[in-house]
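Below, chain A partners chain B and then partners chain C, in two separate complexes.
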Partner chain A sequence: MNDAIWFRLPPAPSSVPHRPPTAEAPSVSATIDGRAVEAPAGATILDACRDAGIDVPTLCYLETLTPVNACRVCVVEVEGARVLAPACSRKLEPGMVIRTRSPRVDLSRKLVLELLASSVDLSTAPTLVPMMREYQADPGRFAKAVGSGLSSASSAAPSVSVASVLQPAKVDNDLYMRDYSKCVLCYKCVEACGTDAQHTFAIAAAGRGFDAHISTEFDVVLPESACVYCGNCIAVCPTGALMAKHEYDLRQAGEWKPEAQSVTDTTCPYCGVGCTLTVHVQDQRIVKVTSPLESEVTHGNLCVKGRFGFEYVNKTG
Partner chain B sequence: MDLHITGGEPTEDERAAVDALLGPPESGWEGGARNIAQDGRTAAGGHSVTGERHLLLPAFHAVQDRVGSVSRGAMNYICRRLSVPPAEAWGVLTFYHLLATAPRPAAVAHVCDDIACRLHGAEQLCRDLEARLGPPLTGGSPAAAHDTHGGGARAGSSASASMGWQRSPCLGQCDAGSAALITRAGAMPERFVLAPAADASAIVEALAGATAPPASRTVGAIGTPRLLARAGKVNPASLDSYREYGGYRALARAIEIGAEGVIAEVTASKLLGRGGAAFPTGRKWDAVRRQPATPHYVVCNADESEPGTFKDRVLMEQDPFAVVEAMTICGLATGAAQGFIYIRGEYPLAEARIGSAIAEAREAGLLGADIMGSGQTFDVEIRRGGGAYICGEETALFNSIEGKRGEPRSKPPFPAEVGVFGKPTVANNVETLVNVLDIVLEGGEAWARTGTTASTGTRLFCLSGHIARPGLYEVPFGATLREMIELAGGVPGGRGVKAVLLGGAAGGFVGPEHLDLSLTFEGARAAGATLGSGVIMVYDETADLGDSLHRIAEFFRHESCGQCVPCRVGTQRQLELLPALSAPSAPSASSAPSASSAASAASVFGELSVAMKDASICGLGQTASGAIESALNLGLIERPVKGGE
Partner chain C sequence: MVFGMGGGTSSYQEIEETDCILLWGSNARETHPIFFHHLLKGLKRGARMFAIDPRRTSSAEWADVWAGLDVGTDIPLANAVGREIIAAGLVNHDFVTHATEGFDAYRASVEPWTLERAASVTGVPAAVIRQMAHEYATAKRAMLCWTLGITEHHHAVDNVLALINLALLTGHVGRWGSGINPLRGQNNVQGGGDMGALPDRLPGFQHVENDEVRQKFERVWGATIPPKRGWHLSGMFDAMERGELRAVYVIGENPIQSEADQHRAARLMGGLDFLIVQDLFITDTAELADVVFPAAAGAFESDGTVTSSERRVQRCRRTIDPPGEAREDLAIIFDLARALGHDWGQPDAEAVWNELRSLSPVHAGMSYARLDEHRGLRWPCYDESHPGEAFLHARLWERPIKGPRAPFHPVDHTEPADALSDEYPIRLTTGRRLAEYNTGVQTGAYASPTRRGETLDLSPEDAKHYGIDAGDLVRVVSRRGEVMAPAFIDPALRPGLAFMTFHFPEQVQTNQLTIDATDPRSGTAEFKATAIRIEKAPAAAATT
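Up next is the complex of A and B:
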């Protein structure tokens, strides 16, 4: 009896191996909004703020990517500095005295949001709406100031619109589409496609100034580019500029209903890596697959099969 | 790296141009002839493959020089050779406005329509050229169609035409009154500057192959010139001639007193950087010298693209050995064995003269291993810019050298710690470096007796605009603006001064009431102005400042790297707001801006300007609104009465 060999459930998966803990880093003390804070050496101002429960808005920052420091919505005031500092990438230094809200900070944040909202279609960027409200951003005032300068002062509606990045959406394959009307040029997709995750380098920033944009080489269609359709760029895009074709089609048809969607975590059925999938279900059908940023295995990244290969589940009979 | 390359092979010419720079390809993997037996299934990897990316911009230049533009096939071949993903190469290619991405005529005139030349009829010149050659070539990347200063592709003049033209920002020839850079692609490519570009016919003739005799230009000084002591006298092509004028004595002295001695003298001289930021040079060198990380690098910033500035060009063209000698001293003092001099692409003569000076110095043992028996090694490589003002910002310049887009990095970390190739780097302006020769020879303290206590030495000022003898003038710090204007012969026709632009487009205007301003760092600061790169552009009482302001706003919109929101969109909004800022003094006719609407535009502009200064990543965005703001403050654009809407 004792010698009998019985089937046993495999042990619960152990956690992924971790790097051994490094020696306790010396800590840095500073003052944020009048509060004394301590943070490990190398921490950014944003890290310190989050530890202290202080909210700092971010747009181009993502925990899983190298900070690119481009949107400037996270700026804070550092006492003694000539200009504001980006919280997401500036390291906390000993003795820094930081204000995360001040008239100066608020003005810059407001202007950044107004500049974006006056030039980019933010209709699928819900995280920006409360931010705009918080900073009382009024993106229409540029057109109004420009327009009123050119037409008679009495005309109510601005007669002139200011330059924007509005352009036709690029739908050139069955898996995902790119609507650069909605691009805030946060570089997240470039980083996800490049050295921060995918190492495919299918897209990069091109052009310069107001004409800067994300592009494949010579603006070729995705099937002609190096893209492997992992969709990791979609996962990090904060504005919906990059979107799975499936979701895009449903939205175009008016059938995208986030409020009617349920979300379930599961494991990808395809290969032995066993990536965590978050399956978004609407009307009994899978409409989207993502992966949690916090997942130790994926950090939010997947491959083409895990992200897009769900249609077979929807085939019922 | 696993490159995915589609669509297009290089032509023979394109391949030859790249191979002339990089040598023949080693294997089929790099785009050479496929030879399975020889290439086998070996995989190249690591640094040997990815470590050549810094040759990307030189390779683009090679192809552009040969065929006039960079095709997809040519870019693909370069990508194979350097192991760069095509999307990234495209990002770099579209960053530089001297590079074209679609076929265009072999001969192209880049005609300056910037602020100084506008005061001398640049718009008329462009209209005349348009009548002769058709519309200008315009922006290359798809989104840049409305960008009239773009570098690019979509040919107004068709590719089959033999010549074309495009507008250009300041070419650093502002004392000539008009200027055009002529580029002719081919097996023997030509690049030269026509300044003055007297009229459309002269430009067309130059495009067709005529060469104009170089015009003589004004170089002047108060007192004994130091930086310009040799300019115009020494033979720029001869090391012997340079030695006759005292050349390479400073290097000998530097070797004698050693690195620490040099840094002590430079520190004692209180030399401040002449590139715009006025940082103490001695401190910078000392910081780099102390860095444990190796190797260290020296970068000479010769990207001089600030509208109105041409001082570094004159130094490089007239006294190239001095620049090379000063870089060598800097290398020995900071423990660097490699230097780069990054020369803007619009300066072919400076590039050629520095190039021959480097070659001659190398031959004479003044560059390379064991310089003058010191046991130390130092060499210099030239990098040609691609037409991007932002690459003058030091960290953007590093990225450009590394073969990346010229986007500034965030600081800290500062270049002394993390510079080009991630290594400790000392970056200095050309003029700053040339000062070091006399400092080493005379000793820092003695040298510092010239000038004022806080602004030591002499300064080069670039005088242009409405002035009798525009040119480059060297004066001890402390001269007043009025003295400078008088030195250059005053305003022609006895007219009065309406305003002076100090420091270039990134500087600001001062009014006639500031003519007694002492031209020192501290004097300028006290007056809320900046010396910047030494620009003094004079506007007489008849000048149309609105036109200049519009060109400045256009300049920043065109030159912003596009990385950060306050500058990328802010420079666009600034350009749009500008017309609404000026209000007529009388109540408005219906088509003119009214006082109250101008007031609302001014308040929007005011907030925008603060945010651009506070939240932009680099100096470009931080200074882009300065000139307009100063004009508003001086009442040069009539500031509307605060009235609300």
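Up next is the complex of A and C:
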């Protein structure tokens, strides 16, 4: 071996190595809610709103996923346009004049939320509750709610005349379960399982109209599907339709107490990638593991060992 | 270590922005799944990928080209790639002249490795070797990543050097998106080495045989440090054999199940005068111990840091209290020191870390506060205003070069130690599965729906040849031992190649088969190349 190198640390480079600069995107100017905003070309209306500190509600959107425009909760009014534009995917264009709140926008958001809540059990979708309040959504306008999300009567039987997606929860393995009574078809799970993260392609949207649903191939049970149990679908599900079995069991037993849980970040004990684990602890037992969306290493994703492999610590004796 | 610091050169983000990926001896799709997410982003952006692996793994399924080489022929393949790059005039002469030394000797050493000769030795078609050479050399940015398929061989260090030679030849190191990266198999393999858990290093890769370095540590530690390097793990077993090593303190390992040639490992550990084991569970190794210290789980019940494959130092935090009498490693070690007459005060992970920062220049800037703020920092990080280096060895591109040149290391082929023969005609290689980890001490506790237990994985051709069906019990015999395992037919295997894991020692003790032929420089045994024969077990045996 070369002794000079072997026995002494090499010198530091003269400057800190960094990513080569990319050509800066030209800036786009527009007006949002009467305020002049600037954003780099390619930015969406939602990006520009968030930069400007303007709140736009989203449901099917996630920073780490490709926008699919499924939910229409984020629509905004673009002056001169015939229809409302989804802020999550519509690019900001020079000179656009945008209103994020207007009677038309509010009515549209209210309608979307009412239609969802009239047919879907939103009892474990906490982010939707304030949203429904904000837009005074009343699912009862369309049908007796299955579980309006405003009440905790999630298991109330639907009246016979109500179209709903109510169905038994699918519990077909020990790691996670699927309750499609709670599915709003946001497609986030399909994207996380597919080309936006995991590339396993175990699930996709199947059926049409009211029969549209998320399904494994030929609707087989998970152990017969391509699923590798990374649980990255659970991580992005906004309504609790996908849930770790551990959490589901505790909820069923009435023992799930988020207010009594501590949440601490640590680093995964398994391979050398170094994924951040956010560990949820209740009564000195690990009850859930997630990963922060903003982690440069994971972007919120984990593998089966990271997400579910903590049981050895709960083991006693 | 050719470059003076042992670590992957690149950040994960760079594989998203590279143009050509050689994934060599690594099934990262299953063994490093979240790293593979970054790699997939690179493929989506248009990067080309070559998977070099005897098995057509789930990682190889994502590659543009699979180079299915015979086990243990990595050096002939790498040397042929090097020769082709030279012969085709694709050497980055500017970089080679400016930043390396020993090119002429390297060129002479690879000269015999023509495409045809390499094809006959490795089993990889000449056209594939040629294509790999041309694409790697001409890519604007290129990454070489490897795992234990490179390092679990008796010539592990030569394997790594053969790959590094390719990076030097093409200038694919020291730049954004170009680098050489060993993917670490455990959450703190990198950190363990960084912290001096190497026989020849003090923390921060500072050589123990460098007087100046040693004296610096001695001043702070108030103790004399032996001036000569110690033993690697395999060297320790040899020292036990010679009777020179009589007492061992094992922290968080299960060597009698994870070491190659398990019979020997158990005999030597069992024959020690004194054995301390510190672990979460009573492992088989702990069963042999004179004293067992029940330990807290590092990731969930302790405070400290670990370092990842991209050199990122990250915090581990106590999320729950350890059960019963179990305590943090640090507390146990402090108490042990006190019992030996040294009072180190109260155990405090941050204080220990700050002492390390005062001694290791590459960690100096990483305060706990900064690690929290940035979700970890990559070394080297020289001071508290330093952001950490995304990629290493940028100095090689400075004009004039800063510091010493990077040397080529000519290496040549040696066959695996456990030779195939008429009696042992099948090559057994071992590795991991996605949902499992090492000897299953941790993963055994969760209910993985994909767990199928230990199997002997065979190619469809071999299964047919031996009249073995899926699920049949098979007797697997090597020169060191034999085990029984059910057969699993895997079309990812080529004829003559079999695969087992070591995840289920309670079912099948795979490491009774493996050989402890070891590279004296790395201390890693040749888990990847065992010669076996297989026999379908008689039906009667199958019921016992």
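By our rule, the second predicted complex is superposed on the first by the 278 of 317 C-alpha atoms of A that agree within 3 Å, B and C clash if a C-alpha of one lies under 4 Å from a C-alpha of the other, contacts with A are read in each partner's own complex, and residues count from 1 in each chain.
What we mean here is this: a contact is a pair of C-beta atoms (placed from the backbone, for glycine too) under 8 Å apart; a residue touches a chain by one contact, two chains touch by 3 or more.
On a predicted model such as this, the values are computed, not experimentally measured, just so you know.
Contacts of A:217 after superposition on the shared chain: chain B is touched, whereas chain C is not. In the superposed model, A:91 lies in contact with chain B only, and not with chain C. After overlaying the two complexes on the shared chain, residue contacts for A:310 are found with chain C alone; chain B is out of touch. Look at A:71: by the touch rule set out above, it reaches chain B but stays clear of chain C. Overlap of the chain B and chain C contact sets on chain A: empty, with no shared residue. Interface residues of chain A facing chain C in the complex, by the touch rule stated above, are 1-2, 4-14, 16-20, 173-175, 195, 197-199, 222-223, 227-230, 262, 264-277, 279, 281, 284-286, 292, 294-299, 301-306, 308-316. Against chain A, the residues of chain C that register as touching in their complex are 1-5, 12-13, 17, 31-35, 37, 40, 44, 62, 174, 176, 183-190, 204-207, 209-210, 280-281, 297-301, 306-310, 312, 314-321, 323, 361-362, 375-376, 380, 382, 386-387, 389-395, 398, 402-404, 406-407, 434-435, 437, 441-450. Remark: chain A residues 69-73, 75, 83-84, 86, 89-91, 104, 107-108, 110-112, 115-116, 118-119, 141-142, 144-146, 148-153, 162-163, 165, 167, 184-185, 200-213, 215-220, 224-226 touch chain B in the complex.
Of all residues in chain B, only 1, 3-4, 6-7, 72, 75, 85-91, 94-95, 101, 139, 141-144, 147, 150, 388, 390, 405, 410, 412, 557-566, 568-573, 576-577, 579-581, 588, 590-591, 593-594, 596-598, 600-601, 604-605, 607-608, 610-611, 613-617, 622, 645 touch chain A in the complex they form.
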